[in-house]
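A, B, C and D label the chains in the order they appear, each numbered from 1.
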Amino acid sequence: MSEFLERVRTSVAAQPFTKLLGAFVESIDDDAIVLALPMRDELKQQYGFAHGGVLSYLADNALTIAGAVSMGGPVLTSEFKINYVRPAMGTKLIARAKVIYAGKRQAVCRCDVYAQNAESEKLVATAQGTIVQVEGV
Amino acid sequence: MSEFLERVRTSVAAQPFTKLLGAFVESIDDDAIVLALPMRDELKQQYGFAHGGVLSYLADNALTIAGAVSMGGPVLTSEFKINYVRPAMGTKLIARAKVIYAGKRQAVCRCDVYAQNAESEKLVATAQGTIVQVEGV
Amino acid sequence: MSEFLERVRTSVAAQPFTKLLGAFVESIDDDAIVLALPMRDELKQQYGFAHGGVLSYLADNALTIAGAVSMGGPVLTSEFKINYVRPAMGTKLIARAKVIYAGKRQAVCRCDVYAQNAESEKLVATAQGTIVQVEGV
Amino acid sequence: MSEFLERVRTSVAAQPFTKLLGAFVESIDDDAIVLALPMRDELKQQYGFAHGGVLSYLADNALTIAGAVSMGGPVLTSEFKINYVRPAMGTKLIARAKVIYAGKRQAVCRCDVYAQNAESEKLVATAQGTIVQVEGV
């Protein structure tokens, strides 16, 4: 892993909210990034599935990381949209994001979120958003 | 507060993820709902602002609650979109959601998220989404 | 109407696609803009309602105009999201857009689209999007 | 092409607004659909590029067709989101849509819109949306 990619991973790990949830960058390269989150009861809503807010956190963060890798500097998520397609059950949540278009000042990225257990993996949400470069950070 | 509104509030309070974050329904009536979240360090990203995932959790949950109140039964968020407009600083985050259109099976809702401190309140994000009735829950 | 607002109105009227559809800026001020489109058969889909693409054109254009008025220069729509809430019937379509947040380089705007007839007006779609300043145009 | 796919193509061709613009289903199968639109001056905005409303029409319609093929009956677009990534220049616009998730009552679809000329093809917009079954049509 390049020094830059290692710096991105470290920067994500340093987010207090990411620590509170327990997510981590599982893999990262120039084409795609994977953010993982082991499931636990604290991440659920009242019906026993992962809370939608957990899935939107994963999508938001994975989109941002993909944009950061693409544009090579400090970025932030300007906006995104997420569709929830299935209740999220399983032992681990996985967000896979990639860049669809990268310009000088912004990137458009997509992210699919999956719920995994020992036997299978199912798509639970899909997102699309805009990542912009931060000036002066 | 009617029995139904009280049940909605209790149901939100019972979400493990909502407990982990510390959010609560501050007010609720037929026109608008307010979800509040006192800020603390654990909810931040690496630059010291509230993490985007915290704002998206608030928007997602507030949209869902507004839809539940409107349609009067168990619902879930089908999809939503969020625009982040300012870094979220302050002592408390406030999500205000209302219904724009309610049909039999789905509602379209909007939510504005604000960051408050002792002196002021600023819009930090705005969201729009679709809430659908759950069958057989 | 100020010279600038008049220039915005003229610029919209000069869009060939806007001419093809027959839309025009009905009113415009610093707070809100109204784009109108008389209905005719050519604007319909196969069930006799206004085509979704007509409503998305109105939302896109109204959002852009609101952003242009807010930021005072050439802009373009970076992205938007639209929810269709009712079949659009009537003699005239009306898109009302306003700015929710305006920064130096981008504005977040909302737009409600209505279908009117002699007696009533109904919300048929609602949209939210990002307008950005164009450099060097 | 199956009888059902032929019926979808005929249904799209019968939309008055699709006729006004000149779009047509170029190919359609169970995995992906392609909607094409030859460029002409009437489809442009004031700077000489395809109007954003033309791209949103293509995305909306292609998403709907992909959903109709997936669910096998009359459908409508509930909502979608579009990101514009480049000015659309060229002799032909192409929208390619596919289904990401299909349930009983709704499908989540994606669409990429390209501008083509004799030598090349460039992505100009990307969209994601929800298609729902129509009851009683």
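As a convention for this text, a contact is a pair of C-beta atoms (placed from the backbone, for glycine too) under 8 Å apart; a residue touches a chain by one contact, two chains touch by 3 or more.
Quick caveat, the model's predicted, so the values are computed rather than measured.
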For chain A, which other chain has the most distant CA centre? C
If you average the Cα atoms of chain A and of chain B to get two centres, how far apart are those centres in Å? 21
So, in whole Å, the Cα centroid of chain A is separated from that of chain C by 33
Could you put a whole-Å number on the gap between the CA centroids of chain B and chain C? 28
For chain D, write out the residues touching at least two other chains, lowest number first. 78-79, 81, 83, 108, 130
So that we know how the chains sit together, what is the shape of their touch graph: line, ring, star, complete or other? complete
Could you pull out which chain C residues touch chain D in their complex? 11-12, 14-21, 41-47, 51-54, 56-61, 64, 76-84, 137
In their shared complex, at which residues does chain A touch chain C? 78-79, 81, 106, 108, 130
Listed in rising order, chain D residues that touch chain A in their complex are 81, 83, 85-86, 100-101, 103, 108, 110, 112, 123, 126, 128, 130
